[in-house]
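As written, the chain order gives the labels A, B and C, with residue 1 at the start of each chain.
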Amino acid sequence: MKAPRIIYIVLFLTLLVPLITARSIKPAYNVAANRTFDFIEALPEGSNQFGLLFLDYGPGTQAENQPQASVIFEHLLRKKIPTILLTTYALGEKFTKETADKVLTRLQLEDPSRQFVYGKDYVILGYRPGANLFLQGISQAQDLAAFLGKDIRAIPLKSYEPFQGLQTLSQVTVIGEFTGLVGFLNSYMQFLTIQGTTAPLIHGCTSITIPETYIYADTGQLRGTLEGVSGAAYYSYLLQERFTKRTADDSLVINTSLGMGQLYILLLIALGNIIEFARRRTS
Amino acid sequence: MNLEHANIYTGTFLFLSFVIVIYYRRYTDHVSVRRIAAVEMISYGVARAAEAGKTIVFTTGISTLGPVFFACVTLLKSVLMKAKKLHVPVILPQNSPECVAYLESFLEAHEFNESACPPSIQFLSEDQFAFASGYMGLVHRHQTETAFLFGQFAGESLILSEAGRQVQAFQIAGSVSPEQVPFFICTCDYTLIGEELFAAGAYLSGDKSDIGNLRAQDILKLLLMVLIAGGILWRLCSEVWS
Amino acid sequence: MRLAAVVTFLSGLYFVLYFLLPESVLSSWGVMALHPAITQGYIVVGVMAFGVGIINLSAVHLRQIFLGKKDALFSFVLITSLLSTIIFGLLDWHRELVLARFFQKAKAYQTFFEAHPDAMSDRETASVHALATEGTQLRVQAFDPSVITQLTQVTQGREVALHLAALVAVKEDAEKESLQTSIAAAVSSFLHEGIFVPLGSSMFALLSFYIASAAFRAFRLRSFEAALLMVTAVLVVFGQVSFIASHWDGFALIRNWLLTVPNTAAFRGISLGASVASIVLAIRVWLSMDNNQAGS
């Protein structure tokens, strides 16, 4: 059997074990996730502020971006900040509803007496075409609720009472952008501005694009970052510490599995170097 | 971050860019472009494919119609000219329909369709992973000898380069996305980093206009470095004096 | 080609001037008022590309099928997938619209009868509440204001019974629609969640295997640069893996320093260079100065 096949089989088994046993361990301390949590936790509850979450991911990066979007959406719901879920990526449309359903189901199980009402606590707008032009329009809109149009049930956003007061982007206290796609973050940085300053943007990225986010986080253009599944897992851990009745979500299990995989890769690196040294000695 | 006067700074920089680009449009003085190993190996890659009697694959990744794509087209022109001389078939898998339309008119305009082995443009998919899947199949089916991966890439970069690795293809990659560079360095034979992609076309063609373009880039980068250094000094001095 | 060059130049000029000029100047020219419409126009043109793409795709592959060319089977699969996604997606969307209308009316009745508790008998109240609750369990908050206006004119007795019957009729229509198109919803869901999502996820999952084999192959101590790459990668992984980082918080801080300082510096340098090159090339293309353009 060729070496790559053996490597792949062992990796598959390594990743599978935590997923099957559903065991999880405390995630590693993540500076960026900690900062993001502090930013949202510091927001006052309710009182004419809104959250705007862009779920710009498809099936490929769903594994990393969906846990991120879920924890942020959950935190905003707990803070009683009316949140709008939408996407500027056509393939992300179904995930807006799926993410909301998953979070609400878990919250419902946690506390059946607390009802989260569609149209009061959150609204799903679905897909909006136009990408950069749409983002420009959001920044410049004088009646943002009217500009955003209708939700997935073809009901105008303005007809929902909590969102009638949404006039400009300055009332949006947190904008979440969850994507693994190239160029999206740059577009949001460029076009989402509030009166000459950058909007309060937090970014959920895949592990591949983590380095790119640091140049914006360093200058304060990004108020927070969730770095892949590990960022989402640490955020989930922080939510559990803050809200003690909260049940664990699957990001912790996925992060444990990821950790096992990374350990295996470290082992491969060590093995590769041992083989290299042995080869040099014999030659 | 205060962007109150961003439009003034941007406008000033753009105006200067205009002036410099137009001034250096036809740069006639002899300018030597720094040797880039990856670019010099492009000829070797084409020759290798000719000797093996196999195909060349040239992909621009998930680039859409824009500056990065046009930089890749400059490289493509050089590759196609060499391939035309050596009668090597070139496959151009594409991700963007606009780029397909552009390439079709580009090939026609530069008469590449009239060669013995005209290049073949294959639109695979706009979805990055469907594109990666199609690219893998294409490379395996044709047992590609040489693969050129230039442009913008995202998560599928490692999939594309590993596919070439599996068929033991000679690979040269170049990306403007710095986060993809480590993947290419691990899997490809040569890698272009950042603006080397833009310089590569000028290096290969030797065209005065392209070299003038390169010169304009260097002047603007020098200007930016002076501004950054000046800004740091200004800030330091104001901290000290206050 | 000249016309294309002129159109390219004017289109680019509009957005550059829109960004650079102050708002007061744009307002005095009337551009601010027109900009949303212009933006919508660009979006519409972009969306039209979908239609053009679908027409072109269908033409090419239908020709393959009807002429019995090589790989006609794959063309058949493509056309079938395209049509089924469009048809079942539209049916599912229509079903949601019909249900939404029912929810709206149910909410309207509930709101009215909560405000006028003496408008009906107990039995009628119970029936309306049951129907309205069924609608609002799906948590639709919005309602149609015109329905409320009608209902405020209702008095007790016959009119209430008529409105109750109307509500029941709307519910029955919604249920019929729901039954007929539940197949559409199931197929649409299967196409998305059963095929599309797993395929996309699987392709991304391939990366994990390729990273493993690339790590085994590439991270060798062959030179100083290779050693530096390997040590940095190992330190970053140490800071991220729970099993290791839990023993010492310093690993996470080292990882953060590596990403914040050297990585940011390198990233900024490369991005700056690439951005300047992009601007210069964009200017050349905008002014149609690029010799490598199609048709030049």
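As a convention for this text, a contact is a pair of C-beta atoms (placed from the backbone, for glycine too) under 8 Å apart; a residue touches a chain by one contact, two chains touch by 3 or more.
If you're wondering where the values come from, they're calculated on a predicted model, not measured in any experiment.
The touch graph of the protein chains shown is complete.
Relative to chain A, the chain whose mean Cα position lies farthest away is B.
One finds 31 Å separating the Cα centroids of chain A and chain B. As a whole-number value, the distance joining the C-alpha centres of chain B and chain C reads 29 Å. Centroid to centroid, with C-alpha atoms defining each point, chain A and chain C lie 15 Å apart.
Of all residues in chain B, those touching 2 or more other chains are 127, 129, 155, 178-179, listed in ascending order.
In chain A, the residues that reach two or more other chains under the touch definition are 58-61, 91, 210-212. In chain C, the residues that reach two or more other chains under the touch definition are 199-200, 203-204, 211, 213, 215, 217, 219, 267, 271. By the touch criterion stated above, chain B contacts chain C in their complex at residues 7, 10-11, 14, 17-18, 21-22, 25, 66-68, 70-71, 73-74, 77, 97-98, 102-103, 105-106, 108-109, 127, 129-130, 132-133, 155-156, 158-159, 162, 176, 178-179, 181-183, 185-187, 193-195, 197-199, 201, 207, 209-210, 213, 216-217, 220-221, 224.
Every residue of chain C that touches chain B in the complex is listed here, in rising order: 16, 19-22, 49, 53, 56, 199-200, 203-204, 206-207, 210-211, 213-215, 217-219, 229, 266-267, 269-274, 276-285, 287, 289-296. Only residues 58-61, 91, 180-183, 193, 196-198, 206, 208-212, 219-221 of chain A touch chain B when the two sit together in their complex.
Partner chain C is touched in their complex by these residues of chain A: 3-4, 7-8, 11-12, 15, 25-32, 58-63, 91, 94, 115-120, 129-130, 133-134, 136-137, 140, 152-155, 159-161, 210-212, 214-215, 218, 230, 255-256, 259-266, 268-269, 271-273, 276-277. Contact residues of chain B toward chain A in the complex are 1-4, 6, 62, 127-129, 152-155, 177-180.
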